[in-house]
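Here the chain labels run A, B, C and D in written order, and each chain numbers its own residues starting at 1.
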């Protein structure tokens, strides 16, 4: 059975290590914060200028001057800091953020990612996504394996305008966990009950299957 | 030296058609509400605006969009604004999209006398079209140029008569760098105090970058995405 | 996450011969006294040191000079140090002089992922020899490259267990940028407090840039030029 | 009679305007702070990271963490601010400092300046001087007209390693006030009792004398 959004987030949370500085994109990535294993502590960076993001506020503690990059009202945790956008992206560009988790429209088997524009239909802008994917060492994409029309989002080559080239390292979808390698998408894990054949059918790009593929353990 | 002006009306003296202006803020957080409102009551137009976002339909820079005062927007993200989308698609509004970190750094560079620098963001994408590229440490980078403005308009939490500014939480965002990059920088603040009252160890924007300052009124601070814990 | 180490001895674990290290401070103001003293007791040598100055004969980095632990200095100003002059003139010590603002910006660039940038300083002088030059806005500029270090060692006034730092007065100087540019950054502070005790609005160096932190001991804070009002 | 150091500083103080941000180099320039006209207020920038420099401290208020670029203990005035070196030179390089006053070994009639190195004899480093002269709009040199050996310091071409090229706008010496122009050093004012001939004799570079040259008024 394919993973739901929360399960994708829960699987991605397994990528986190104690002490990691983490940037979470909008959508499924935001949910990852809810599944950080109890035994580790990570620090959330929000590119609009903060480290140490906490939960959403209560009606009493909400403050219009305290938002995340998704423009949601939030809170901060002990040890937090606030700074300007240039410093924020100095952290990102300088490789100080340990892992970036973001959504995508498409990922290619070279690790290219398209996530910000659908010509003729949608141009909201790239925000900080281009800076994030061009800089982070460790980039994980969280997305559905196929789009609403049933077309694969894991492609030989992206069809939409790119956000970055050769940058995605790992992808977690509703069907599988995959790594981008020199030879294509390497299948690492499959959703419980989902077969390798189903994943192969849903993947337009080259899929590498070596040995037994274990099920995702949540 | 006292940089205080009376209000928004006095602060915008000298703004003219065709100018390039920067406006601080991220979404609706930390935007200079007073100056935007004041400017939206004038007939000043054909503006090139550098701002991370363009407000929403009926608030922030959206007000100036509705009155068609903006000729060109330079931003990283412009979603959530129907009138913006309409003007952009119809060609009334020119839009230059810049990756957010590159935008921030280009503004800082403008203020810091650095005409150009290299960053990896956008290489291999539309953003790189027409730009010089070059390899450093085995990775391709784009040459990006500094942004400056005739006026930079910023909003701070506290300020003093010497122009020193302090921001609250994430309302800093682009304000600090933009203050550096304006030929004339106008700061509106929630609380204006005499020089000497702010701790000099904790100034975010040193007064040298600010030419005019005033205490704003009637801050609305609209929240775009009110999200509460259950 | 607690970044606290016990003391200078624990903080310098991993420092090795031949490494590149940055040391904060301007003159003797804001220098990491504890780490310098600790390091000067080791046999670690052949170091490339990036620091605005090189201490005085018997204090600060001068201690490491005397023990010939430094192979190369990258600085903007090295006066007032007889042993330094002797080693430089005899060729024992390699010296690269960098204009102070260019030095500061190259360090910031190293921390900010900007491999290179253009500045006007030094064009037409010895500093420009062998460097690419280019005209922007009718003025010649030099292409300058980022500095990074295996270890950056900084000194702050206050710090917390999450690595956040606050500097006092002009003791900030190069410390803030150097913290950004170290693969491993060590911060020694006069007062170390638990995370949450420093106001998050007034952090100079966010904790993400600091890997190890400890409360230093026995600060001497020697004054180079004691000048008093009559 | 030639001006003494304090008189040179006093004459330079006349270059200041109300509200100016001013960077003063080591030596004679430092003395300028003592002669700021009472009716104007200027803000002193020190490139090691402060705006709003005050006087020297008393024994009671001295603080090792509060020094100027000459490493002298100082104080700060109301409205002061402290910042890191990158921000300090952003101010300088970005043209936010209105006037820079510094010393020199030599100045050429093209406006080149040499001030940091005497090969084989003295290499202390350029400190912030190269950044300052390459960036400031308004650069005033304060120096003696001739060196200790009696040789002119206002030259056709500098003989020592340069600090910057074509940057000096105005020079105030013990003998005269001069501007650097396309055609050479233009004599503006002469020290009380010093003749144009004496200045001509002490100036190796081209000296332009047009009309009557008034005496410096202190």
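Simple rule for what comes next: a contact is a pair of C-beta atoms (placed from the backbone, for glycine too) under 8 Å apart; a residue touches a chain by one contact, two chains touch by 3 or more.
None of the values given here were measured: they were computed from a predicted structure.
**Student:** Tell me which has more C-beta contacts between its two chains, A-B or A-C.
**Tutor:** Counting C-beta pairs in contact, A-B comes out ahead.
**Student:** Taking each chain's centre as the mean position of its Cα atoms, how many Å separate chain C from chain D?
**Tutor:** Chain C and chain D have C-alpha centres separated by 28 Å.
**Student:** Express in whole angstrom the distance between the two chain centres, defined as the mean CA positions of chain A and chain C.
**Tutor:** Using C-alpha averages as centres, the distance is 36 Å.
**Student:** Centre to centre, by mean C-alpha position, how many angstrom separate chain A and chain D?
**Tutor:** The answer is 55 Å.
**Student:** Give the residues of chain C that touch two or more other chains, as numbers and ranges in rising order.
**Tutor:** In chain C, the residues touching two or more other chains are 105, 108, 112-114, 119-120, 167-169, 200-201.
**Student:** For chain D, which residues are shared contacts with two or more other chains?
**Tutor:** 50, 76, 82-83, 86, 89, 92-93, 135
**Student:** Could you list each pair of chains that touch, in label order?
**Tutor:** Going through each pair of chains, those in contact are A-B, A-C, B-C, B-D, C-D.
**Student:** Spell out the part of chain C that touches chain D in their complex, as residue ranges.
**Tutor:** Residues 26-30, 52, 75-80, 85, 88, 95, 97, 99-105, 107-108, 119-127, 157, 167-177, 204, 221-229.
**Student:** Which residues, counting only chain A, touch chain B once they are in their complex?
**Tutor:** Checking each residue of chain A against chain B gives 46-50, 55-59, 62-74, 76, 82-86, 88-89, 92-93, 112, 117, 123-131, 134-135, 161-166.
**Student:** Enumerate the contact residues on chain B facing chain C in the complex.
**Tutor:** Residues of chain B touching chain C: 105, 109, 112-120, 136-137, 141, 166-169, 200-202.
**Student:** Chain D touches which residues of chain B in the complex?
**Tutor:** 1, 108, 110-114, 160-162, 164, 180, 194-196, 200-201, 203, 206-209
**Student:** Per the contact definition, I'd like the list of chain A residues that touch chain C in the complex.
**Tutor:** Against chain C, chain A makes touches at 18-19, 21, 41, 43, 45, 50-52, 76-83, 86-87, 89-97, 135.
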